[in-house]
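Across the two complexes that follow, chain A remains constant while its partner is chain B and subsequently chain C.
Our next item is the complex of A and B:
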């Protein structure tokens, strides 16, 4: 894996490129002028809420949908008008779409047997068995696909696509149909398989943890627009807009007003030295940067009075939920590695405070 | 432990109660009559009387008479032809209704349209073919007016052809329904996946769509077979009594009070149907597929 510090890709190693792709369904704009570059041997996650256009974008790249405007390039060629099966792009469906009446190996070899590979039966079997071994299903090739578990079906779907040796594999919410435990394991497996084969994966997900954990780069979508492209660290550390911060589900967002380097919100006026340009004035503080103290205790930074509602034990950390005067829920995460969690009295008021230098300020007025 | 036993006991008692009406009904009105028919087929038949002395006379008569064995072969031939015709006409229709039409509402409407002829009685549906196929029927008139033929086509009515046409029309929908149902259950993503893997339409049809619709074909074929093998009305009304099926023989024999011979034909027909159904069920494991 090459280190990547920005969202830019060298054009000469670009595997696919979207240029101003727009797609409408009636009045609904599913994709609005999407432009994106993807390099060789890369794991890209598309992150967005449902209806953000991430699946549409994937289907446009695959060739299942035709865009109204814009071009799609793959391997340096314009493939906008090429039918799906001539693109050489693999697609793994959300529900796996395995052929239910065929065995594991018949599923995996389907493309080689019935496509235009021109290989003989022995070669097809050799390649299929090799791919079955890569995805970790050795010995299962004779089973019917209704006799294997969900995670194994996921591997069959992946192997079926990978035997065609695509340079680009599109995965539509590949882990959505699996239970939580399996999801974690498949996450590592998908990365490992990808690194072994050196193929570019594009992975669509609605889960921010999945996108951050798996992507070399994360593409955040909202209402048909790409609103941020960057490494997981960039996206997590400096979200480009309040919407991105919202999707990451890791920030308390406060509305207010930014004027002359000062943000005025429900917690009073706080100096804001740096601000990110945005169409709204929003003050964002990460859950794990919040601290709760007794209301009578002295605080140095900004603070907001809120009532403790409930807490949730997450294994490695504890989430505490507070409610501010205006009904706004504020979340505070305490990592247990930092020590035993504080205990809070239900329906008691506390002061929530944070270091203003760690907050992210979005505003129309940027100093 | 005692709790488990009670629950099991209660469950088995419930099972017995639920099964009882069906078992009683089937025993009284299916198993018993069939046993009776088998028994009667060995009775001694005289011109005006029948007595329960056992004899093989009726069985010997059946297999030594060309009329009776001929009817057996005609029945099997018409059954095979009608089965093939309903499949050839029905499968594309089902493919269109069940797979190509994306809207569920529209495909339901089309299936209902297929069933509309059933709103009239069976006999009317059969007899309506006479003014269509007759020497001065609709088809001959139209073809003559168009100048395609000079003389009316006479083979259209009161021949084996007219029986086949009539039966195909009447039983086609029993083929369309089950196949369309199986086709509509196919996940569209599977077809998209097969296309994405480079398979052409022909390959996708033969390797994916057809195998997945096979249970529907088998159910449809069983429906059509059972009904065609037991047919007598269509052949009676559209063949001018020239085509005699086993069903027609039973009707005539019962009409002349030849119960023993009617029973022989009935037993043979039941055995044929049994083999046909068993044969179809060997093709697919319906319990697993449906």
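Our next item is the complex of A and C:
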């Protein structure tokens, strides 16, 4: 056994742990010193733009890629050098990667039949049929995988993984290939399956709504680094950096200068009592915290003059787009539960204002 | 406007091409039905008969024309082609599989393999025969030295076919299999191989047919016992009778049968490949 580094004490509570995992492709750093701990029966979402290293991280955990540095622990064992087929970690692919030459039940029973399960054929069939029923595909076990719909294929991919009863299942944007309606349904089903089987799920997604909706914890990645770990509430309520705020796609970000408790931006100077340390000075206001008033109306807080461009109806809310003088687009979300939306005249100027206490200030200088 | 001229012109071109391709075979077929044993390989047909077909199988009364000495040569050639097919295809699949990952010197190895089909066959044959005779000091046989030259010649074809197939192969199905706890060898047998089977069939066909009518390498490397192409060439040197043509028709029919088997097997596995493509479409 190799000498262990830190943190071995709490291995019994964690299902898997990453310790300083680094992976390079030539000059490109895909993963930079990633460290992470996941407990039992947890649902973790990896959120990040494409190229952030989230899929690479998943592939390192699964054993498809070997890291250049760092260790991967699973079930209290160092599995960094263990080949993928000996890890016992499930993986659901973005394209599902079903075996096209096999039927639904042959796909689902594949691991039990050809792996080291040692079960007899009757037992394998019983378990496979049970899993097919759990994912709601009863009666379809004899079909070829080209004779079922996209959503059903997704469930075959999931059932195939779950029959092996892994303690950890990695999902690589498995909902990306589905339409919005199906995506919502699969989300609920994933939750239900997880509660029933007590599996830890790690879900990679580029969709911030999916990450916030599904995860017990959200891990935000950018350029190979983990930049924030927290509950959806924490990440949404207090993003750790301007980049996180940017990925969440729920904040208007203004550049400017923070000095002596005052942020000076395109809207003038605003007092900023609290600031989050960052490498840039950024002022962030959530879309739904913005208000638009007539340019002549008096405003109490900070305000910026902007021209109305267009609005988008989103069902439960209306998104309004304004353009400030420098071409900067400012978005304002109005929840319809708060009453009928304002109507704006195209190409008219308005004053956009907000309560400065609800803004988040990032700065190099922290009081 | 353009197609009014271009289409008939291209059609004519294709028709001429097909005529050129199958013309010799048609002539060959006609002459093979020449009357025997007096009729020779020329027009006009004196009288239509199946004499020369019966002659090949020794079913005609003895005459001054000796039966073709092809029986053993044919068996030898088929055996050699089969051996070559098996070895070249296995090597081709294995080496193409190795090329899926970049390794040190992969570029050089690639060209060394492909060189086998580029080098003039006469040189290879001569080289091997010199090597066997003068340097190693072993006897040349169709199943040793000639076999080696056949493998060196057909292996690059099998390799290139498999390389093209594996290039388009989506390796996530293999990773999926590993993640289900199935070891790499079983994964290859149960997932990879069934999916690349159309390519394997093509590689086999290439190796078999190329070996079956290989001439220049075999000429020098095969030693005493002749393969079919050498035996046929040998009879030309004496006197040509229509029995050669009848034999040609029979081997062509055999080739067609082989192609049909290939076609059927291919259609079966293409259906499978289509499923695969459909799965990729939804990505």
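Quick note on the criterion: the second predicted complex is superposed on the first by the 355 of 367 C-alpha atoms of A that agree within 3 Å, B and C clash if a C-alpha of one lies under 4 Å from a C-alpha of the other, contacts with A are read in each partner's own complex, and residues count from 1 in each chain.
The working rule: contacts are C-beta pairs under 8 Å (C-beta built on N, C-alpha and C of every residue); 3 or more make two chains touch, one makes a residue touch a chain.
These numbers come from a predicted model, not from an experiment.
After superposition on chain A, the partners chain B and chain C collide with one another.
Of the two partner chains, chain B and chain C are each touched by A:100.
Comparing chain B with chain C, more residues of chain A are touched by C. In the superposed pair of complexes, A:115 makes contact with chain B and with chain C alike. In the superposition on chain A, contact of A:73 is made with neither chain B nor chain C. Using the contact criterion defined above for the overlaid structures, shared-chain residue A:164 touches chain B and also reaches chain C. Using the contact criterion defined above for the overlaid structures, shared-chain residue A:84 touches chain B and also reaches chain C. Taken together, the two structures place residues 62, 64, 84-85, 90-91, 93-95, 97-101, 110-111, 114-117, 160-161, 164 of chain A in contact with chain B in one case and with chain C in the other. Within the complex, the chain A residues that touch chain C are 62-64, 83-91, 93-101, 110-111, 114-117, 144-146, 150, 153, 157, 160-161, 164, 177. Residues of chain C touching chain A in their complex: 170, 172-173, 175-184, 186-187, 190-191, 194-195, 272-276, 278-280, 282-283.
Taken in their complex, chain A has these residues touching chain B: 62, 64, 84-85, 90-91, 93-95, 97-101, 110-111, 114-117, 160-161, 164. Across the interface of their complex, chain A is touched by residues 187, 189-190, 192-200, 203-204, 207-208, 211-212 of chain B.
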